[in-house]
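Look for chain A in each of the two complexes below; its partner is chain B in the first and chain C in the second.
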Partner chain A sequence: MNDLNIQETERTPEIKLSVSDGVFSIRGESFPEDVSAFYGQVIESIDLLKENIPDRFQVIIELIYTNSSSIKALYRIFEGFESIRQGGGNLDILWYFQEDDDIMEELGEDFHDRFPDLKINVKPKN
Partner chain B sequence: MEISQAIDIRAAMRKSGTIMAYNGEVSDDLMVTLADLLKNRMKQMDDKKRSRTVFSIFMEGMQNLIWHSGKDGSAAGMVCISQKEDEITVICGNRVLKENALALETTLKELQAADKDTIRQLYREGMSKSSKHDGPGAGLGLLEIARRASHPISFAFIDVDASHVDFFLAARI
Partner chain C sequence: MADQSFDLYDREKQLLAEGKVVLGTNNPKGVLNYSKRLYKDFSRVVRENEDLTRHSDRQERRLVKLNKNLKIQTKELDSRKTELEELSGQLGKYLPPQIHEALFRGDYDTKVATQRKKLTVFFSDIKNFTQISESLQPEALTDYLNEYFSEMTKIAVRHGGTIDKYIGDAMMVFFGDPESKGERDDARSCVLMAIEMHEKLQQLQHNWRKRGFENPFEVRMGINTGYCNVGNFGSEQRLTYTIIGGEVNVAQRLEANAPVGGILMSYETFAHVQDLVEAEQLKAMRMKGIGRDIKVFSVKARKNNGVVKLIEYESAKGVSISIDLNSINRKDRSGLARQLKMGLKKIEEE
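Entry: the complex of A and B
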């Protein structure tokens, strides 16, 4: 099992992965002191999914603030999603932003632009 | 320092509308402490969008200082945030090697001349790039600052000695 259950801290988000439920979520702020150490296991866990592609995979991203190095790590995670899709996986990505948060809304659009084949739904969180 | 010098510093800070200023050794701990202070300060602002932008620019600027500190001969950096009427300015400064300054200046000039759509496109392309020299953000931090600022960024290079220059970057929000 490569499930994840990472608790939120003031500078790192909560990250959950349940392989059996086919759910992955990231919530909170992201500016870890060591980005590779924090996201390494997450990138690895998502990469492993292409060995055993879930029928349905729901991704929920709900970030408040993220620094540029976390965005790079997130890009790696999205590459993992893309591999799952190419392997025949059915992914649904929900990218939530706070109603008036242009920065996170635009970042969602940027990911959508970079991964046009992924189903990414950028929408405000009510 | 003499009291008179402190009075001069205070006068200069008041005149420029300084909200927060730091000069000295930079570290990750310092960034988190200042980020907390800034967040609290920004909570008093009504404009949430703008306070997010200021926070984002401040964070990228600080991370840039931390990444380059020590590498180019000095662990020191400067950051100041000021407000004049309705405009907030974030300025970061650090010492860089002269040999690296030229490439940096070229990038900055390009960013200065680019429109918002071009910057966004460069940002999107930058999301997948990695670079050992530019640090964990691999140049994305600079693009983030240029993208979020409400006017083109401004910068200055001041000669220090044969091999070093002081680099300053300002973003207005």
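Entry: the complex of A and C
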């Protein structure tokens, strides 16, 4: 019902949400021209999950580059995950970074510290 | 697909709007509640701001590093480019300019391959070069020979000729490959080149005499138009871009039979330039390996087509005047006329 299937572009990542499979993923680079317009639907879809919390939910973040505005949007998305967790949802979050990409690794760690209730596993992509 | 109504800062904006209302009511309870919410949200915004600033600093660090690397790489590339340009310039001196340019444009095929093509072939040779070389210091000989080849090469290039090679004191040029203006214009360019070379040589001889070169180079020239094999000869390891064939030999024989300071051409060339130059037909020649008599023409001068464009005067006493009015503009003409008048006055006064 809230499923998403946003194709990757030069400036925006691929975003997929399958409620029935309990999977959400973001892959690619993120520097949209209008961050609110691009991430609005994603934030709203995640917020809607609070009303129908899945038993298990797998989140995969695999960003190569993200600008500061996109990070602000990611906070909102992660706040949505936090609400799902607080509502009893079982989330498993994998934050992948490219080997040698210390910026995305450290950003993953920042999210890990910022959302201590979420299980965020920061690891290099093999 | 994009959500135009969503605002990423909706919560912050909403809180600010509420604050405006609450602070206007003077309701202490309302203000207290609002302060608590404001404190909570402000704490979140400060945390976000700290994280974002940290992220921004990391990005900036990476950019600075990338920029440094880019500068180093650009410097290295510039230096490599300069090296390659210098190398290209050096290599270019060993190749016909057209082939050099085509190679660096990337549209020249370096396969061993030839084709038959109608070309106009030019040969020139310095008379008695061996004797002259014995009478000059090697350094002086090198200087004069290089000056001669440099000037002749400039003329050949300007007329679109492909300089095949320098063979000792001889020069071989052809027209029609790799670029051709059509066989008629190729032949015309070649003959005009030969005439200009002849004129330039007269200037050089004058200058050389002044510099102490008592019996300066005198040159024979021969031109023939005909089918030749042109292209890359040799092996995959070592190639020579050149021409071969009986018609090449005809051009060389014509040169060998030309009078000193003369230009001989075959009928095949003459047919293309008869409206352009005055020529005298000589006795036909039989050449070894050529199955026909070669009709021979001696180039005398450019045709003026009713308009006097060339003033020439020569005397045995080392006086040589050659003025091509076609190549002098109006301003230079009046300057030249003034100088000639002064010269005339001086001659008459002596």
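The rule is simple: the second predicted complex is superposed on the first by the 126 of 126 C-alpha atoms of A that agree within 3 Å, B and C clash if a C-alpha of one lies under 4 Å from a C-alpha of the other, contacts with A are read in each partner's own complex, and residues count from 1 in each chain.
Assume a residue touches a chain if its C-beta (ideal position, glycine included) is under 8 Å from a C-beta of that chain, and two chains touch if they have at least 3 such contacts.
Since the model is a prediction, treat every value here as computed from it, not as a measurement.
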Combined model on chain A where chain B meets chain C, clash or fit: clash
Touching partner for A:110 - first (chain B), second (chain C), both, neither: both
First, second, both or neither for A:46, with chain B first and chain C second: neither
Touched partner set for A:91, first chain B, second chain C, both or neither: neither
Partner chain in contact with A:75 - chain B first, chain C second, else both or neither: both
Which superposed partner A:38 touches (first chain B, second chain C, both, neither): second
Touched partner set for A:15, first chain B, second chain C, both or neither: neither
On chain A, the residue positions that both chain B and chain C contact, one per complex: 35-36, 68-69, 71-72, 75, 102-103, 106, 110, 114
Footprint of chain A on chain B - complex, ascending: 28, 32, 48-49, 52-53, 55-56, 59-60, 63, 120, 123-124, 127-128, 130, 135-138, 140-141, 143-144, 148
Chain A residues within the chain C interface of the complex: 6, 34-41, 43-44, 68-69, 71-73, 75-76, 102-103, 106-107, 110, 114
Touching residues on chain A, where the partner in the complex is chain B: 11, 31, 33, 35-36, 65, 67-69, 71-72, 75, 100-103, 106, 110-111, 113-114
Complex interface listing, chain C residues touching chain A: 1-9, 47-48, 51-52, 54-56, 58-59, 62
